[in-house]
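Note that the chains take the letters A, B, C and D in the order they are written out, and that residue 1 is the start of every chain.
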Amino acid sequence: MPSNRGVVYMGPGRVEVQSIPYPKMEAPDGRKIEHGVILKVIVSNICGSDQHMVRGRTTAPTGLVLGHEITGEVVELGSDVEFLKKGDLVSIPFNVACGRCRNCREQQTGLCLTVNPARPGGAYGYVDMGGWQGGQAEYVLVPYADFNALKFPDRDTAMEKILDLTMLSDILPTGFHGAITAGVGVGSIVYVAGAGPVGLAAAASCQILGAAAVLIGDINAERLAHAQNVGFIPIDLTKSEDVGELIEAAIRVPEVDCSIDCVGFEAHGQGRDAGQEAPATVLNTLMKITRAGGAIGIPGLYVTDDPGAKDPAAREGSLSMRFGLGWSKSLRFSTGQTPVLRYNRQLMYAILAGRLPIAKTVNATVISLDEAPKGYQDFDRGAPRKFVIDPHRTLS
Amino acid sequence: MPSNRGVVYMGPGRVEVQSIPYPKMEAPDGRKIEHGVILKVIVSNICGSDQHMVRGRTTAPTGLVLGHEITGEVVELGSDVEFLKKGDLVSIPFNVACGRCRNCREQQTGLCLTVNPARPGGAYGYVDMGGWQGGQAEYVLVPYADFNALKFPDRDTAMEKILDLTMLSDILPTGFHGAITAGVGVGSIVYVAGAGPVGLAAAASCQILGAAAVLIGDINAERLAHAQNVGFIPIDLTKSEDVGELIEAAIRVPEVDCSIDCVGFEAHGQGRDAGQEAPATVLNTLMKITRAGGAIGIPGLYVTDDPGAKDPAAREGSLSMRFGLGWSKSLRFSTGQTPVLRYNRQLMYAILAGRLPIAKTVNATVISLDEAPKGYQDFDRGAPRKFVIDPHRTLS
Amino acid sequence: MPSNRGVVYMGPGRVEVQSIPYPKMEAPDGRKIEHGVILKVIVSNICGSDQHMVRGRTTAPTGLVLGHEITGEVVELGSDVEFLKKGDLVSIPFNVACGRCRNCREQQTGLCLTVNPARPGGAYGYVDMGGWQGGQAEYVLVPYADFNALKFPDRDTAMEKILDLTMLSDILPTGFHGAITAGVGVGSIVYVAGAGPVGLAAAASCQILGAAAVLIGDINAERLAHAQNVGFIPIDLTKSEDVGELIEAAIRVPEVDCSIDCVGFEAHGQGRDAGQEAPATVLNTLMKITRAGGAIGIPGLYVTDDPGAKDPAAREGSLSMRFGLGWSKSLRFSTGQTPVLRYNRQLMYAILAGRLPIAKTVNATVISLDEAPKGYQDFDRGAPRKFVIDPHRTLS
Amino acid sequence: MPSNRGVVYMGPGRVEVQSIPYPKMEAPDGRKIEHGVILKVIVSNICGSDQHMVRGRTTAPTGLVLGHEITGEVVELGSDVEFLKKGDLVSIPFNVACGRCRNCREQQTGLCLTVNPARPGGAYGYVDMGGWQGGQAEYVLVPYADFNALKFPDRDTAMEKILDLTMLSDILPTGFHGAITAGVGVGSIVYVAGAGPVGLAAAASCQILGAAAVLIGDINAERLAHAQNVGFIPIDLTKSEDVGELIEAAIRVPEVDCSIDCVGFEAHGQGRDAGQEAPATVLNTLMKITRAGGAIGIPGLYVTDDPGAKDPAAREGSLSMRFGLGWSKSLRFSTGQTPVLRYNRQLMYAILAGRLPIAKTVNATVISLDEAPKGYQDFDRGAPRKFVIDPHRTLS
């Protein structure tokens, strides 16, 4: 049995690379399983939602192996894996899903009813998501592998575009779900809140869906500059509290057809209040600037409890929303994690055809496993990069 | 030119029947129009949203002629009305709509861009909805009549079911929109908040859509008893603050597939707090009891400003919502007024076929024009009735 | 190991009850599988599509154990079955599906890519559908059981409604798919071609979906009488070749909103030609009577090759269709087998709530295993019954 | 009153430019109308469906003024036109539609129930489509102008892209409807039958919708070369009768996700039979090459009667279709004319944003009114061009 190493959460602000056990064909509760595969991890990315844990905003226990964005090679198969074989290169959705429950049958794999005893929906390497080991590691177990794994059609072609394909495990389908639920289509004018990797992935999704204009708002100058470089219209939220005014300056009208919240509950104020936490800011802004009859996609994370919030209401996940404004405009709001499996195959084909240069859009940056702690720090400081861990140095 | 009389808002708590001008072929701003018809009103109902004005919760001016639920007979036609003729019996959607703007073309008639200079969406006899005269009167003008009017196929058959058909102008499509946007379908388990006429119409809509079980929650005992009589499962909200527990007692599971808010911003607390205003109560309850992956339809009115609210945040239309809870369950929220024209024809066919006994469901009660002020009072006290004004005593 | 008996195809016009092997945990190609369960069959119905084989219209080999409509009790479990347990009462979709391929993930379980090497889609006891043993037997193997089986929530309640619930394995979802793809909704006027069990199931589906009127056309007087008894409008196709005229006589207009072909390629002529085979008759009729902009759902079977056809073109599955007529009316056509799993849970809830009395609608008639050959004969003669085989006399 | 000139059909194979009456505010039956505008035509294109008439394949009467692809400037307004004004530059959908009937209300403007007494659906300058004068002229009447006209937001910007925007009146929305009804989306592999302007517009639509690969099949070498030049994968149908084989040679698999028939009833055989009329060839091919579960969009025209057909069945619009093949693959078929108004606004925004260079894709070629007869000839010979008539020499 080979050794294994992974990125481990050691307490607020601290991650370390440590030796960890090589995966067994077992569920987190110790039951033996027949449907799993063990992957040699080819690439695994650092995600903004990992940061929520690392910043100490959650109840994540120390010792947790992080990482839910996994692409790898099959090295071992359970006895009930029929359609994968050793050597297959696969993308793994961050949602752990059984493929057998009511929700999985209905393509709601983000709400699988069986992989997490606590509540619908599981994930690798994440607090309260079922206890599955994370993939920022050399090896990882993937359960229900026939169902969960998306096999790349051709290994060589896949390796050429591996920095694009690695985004299929989470941020590209996350951004795409935001765009789809916001009703983005051909000719749409869209505003994306947040110029981090998920915001950029949402913007790229709008682009491939035929949007006429994609605006991205943020308070981070470096991220805005990058967004502009890769083809989007930057909206600098430090310039005014009135986002409608900023939008009008950019496109002559103060409202958009659709909007996407890629920020979530750790939102900050705008204009004069830039820098202050203000968890309902993005939602209230989007209600203001979205045209009547439009929709708001909300892939950005909102939590049921936020022990670290300043506002006492926010601590129990309550936000002060101008809901009456949204109602008067007949807006629709779609929330929650993306069901990756609903989208990843078609996005893969678009990538392989050269139509979705997502690695460039999010500025994919390869690092070694040992560089992961530094990657976490840089990302937390707002570097306009998406860090891709290459634990076996396959890409170098 | 015949005389005209109508129900007029005279200040908080007061409506009177008065002489009013006979309609002219003019828009509210005085422009002559070619596309209108004048209707002899056959029936016009009192609506819960009229009550918001009459209770003084809005900025409605005194002198406003009320009434947006109109069924009538064409008695005069503008020069550009091509498809209606004198004597036609028609149902008029409460939304005034031009049929020519971007939103009307897309079946968003509740957000017509041209009939209300203040904001998208117009209505008859309503504050801030464009200044169109109300229909609780003997005669009323209907603009863009070819587009707006739904002609009944046969006059005699229509008169036999007129108490059902009168619900097509507002509450039936309103309830139906709630059900559709909540994703109600064959086999659904649904919870409807509010046992007033809109709640009952939503419940009847769930029924015709094939729901397996329809629960209705309220704090009004008389309304709950009526809901039970017409075939729904009553949930008495005075019994507990924990609605999930009440639901579990009724159907063995504590959650539903879909839910519909037919209450809106004038919501009251439950359990111990029954009777207290608590504008976010219904929304927070529905997030709790709706299953992960479900949807919430929100036909109940939420306002941009509520000068009469006790809570200062609510005064500007802000609600304290446990949005993180909804997000963790991937819920979808649909808001706003129904576009009546999208639904009324099909609902009419269902009524004419005897499949939607909505008059009985909402307890339609005919009154004369002069009885309207008393009807407003009785309805405000929570009588389990839907008052139908018969200004020409056509039905007696 | 218990003994086993089943209904076996012995050549054109002949079925016999014979001893057959007790199922093994093996795929048809002999591979050992971990994901199967063995069911004690509670009920298994005779289907019109079994008749295609028994009449000798297909290349079905003698020795084939028939039956794809299966409801049973779990008596044995493979090592990778996690969510079922012994004693569970389950409904099995006729489509064998792996739950792991691209099509199954997208709810296209009728086109599973892995269970049938010949082409997409598998079934139990059916020619060219993958070689899975049929369920008109005492015991049967169900592969990928966690995915395929729909467990009834409560055994006692299920046994009370077992004659309704048995229709979930095929004809109810088949008729429902026809109705859904025909665009049936609240207030629809629908024409169903064929008053056999699938036609009646389609009609019942229209009813639960809110249709205003459901017409059923056939040439069999007994079936038409039954259709009328259970609430539908019979159209006697022996009366005229002009179906529009017959429809107009029934509902005053000569066209319908939606139509459903529950007959398929073994269609017969109408009016003077009643009784003659005329494989495109139904399709051409539906194009004529469906309103412009409408849709046609086609659950009735059309085959790629029909060696028994009289018309040489029909022998290779070619039909002479007035497609230009359909085009000029912008019609939509939806074909193919239903993906049962997409619909069966919601239909089950509607049945358990007492809203879908499908057993009565199709005239479910219980017979023993030994009576199966007689059931085949009676059904072939057009008896207005749906035969339900009870191999273990559980219901008596 | 200014003079007027237009392109007139003079019998099979003959069109002439003649003096014609200046439009009056009248319907074809002579009724005075209030809802029309008179346009000075800026550009009007020659369409493949004009060719059906000019080739004498229809019952078009001589003297018919041709042209249904109209972009123009408002020069006169009826008394019930409220939202347009003189000088507005507008695109006119080829479908004449009232905006007031059941179908128009439901966005089925291609099936308007009132503008054509003969059957649902009207058009300018077309046989059996209601008798509205064509737009290959200096001036033309547009009825129901507020509803039908799409106003360009800015005149100068519009004039810069006028050769793209002129495609909004027909072929771009026609191709787009084909793509939408074929289910084209992000990552789709699509086959388009026909490399004429509609085929190219469908291909461009697939592109903006995010398709991964777009193949176009034709037998015309020049058109195939052009298709390749503008970015699509050409399939030369003269090379083999087996289109699957040709597709496999191009993309390694013999089938596609979606397919679009942009040819219609004047289809010709392939391979050895290239050049022979074979009206069901395209449909039968598409059933063969479209993957199970896919859909076929059919914007190509199929007629109810084809007096010029060689095959007697085809003369009454009957085609010999291998429908059983389509059924076994659960294919969906969508037919009919596009409802332009459902798509043209969003396509306009995509053009104005520079994302849809449709003029280049279809090789738009400007000609004068007097050059129209020659344009008809060149187009009929299969020139890879889309001819745009500029009757007032506005563009030169």
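Heads up, the rule we're going with is that contacts are C-beta pairs under 8 Å (C-beta built on N, C-alpha and C of every residue); 3 or more make two chains touch, one makes a residue touch a chain.
Just so it is clear, the structure is predicted and the values come from calculations on it, not from any experiment.
Looking at subunit B and subunit C, the chains in contact with each of them are A, D. In terms of their C-alpha centroids, the spacing between subunit A and subunit B amounts to 41 Å.
Distance from the subunit B centre to the subunit D centre is 43 Å, each centre being the mean of its Cα atoms.
Multi-chain contact residues, meaning those touching two or more other chains, occur in subunit C at positions 106, 345.
If the chains shown are joined wherever they touch, the resulting network links each chain directly to all the rest.
Subunit D meets subunit B in the complex at residues 33-35, 78-80, 82-83, 98-102, 105-107, 114, 146-147, 341, 345.
Put simply, subunit B touches subunit A in their complex at residues 103, 106, 108, 110-111, 119-121, 181, 265, 280, 283, 292-293, 298, 301-306, 313, 316-337. On the side of subunit D, the complex with subunit A involves touching residues 176, 185-189, 208-210, 212-213, 345-350, 352-353, 355.
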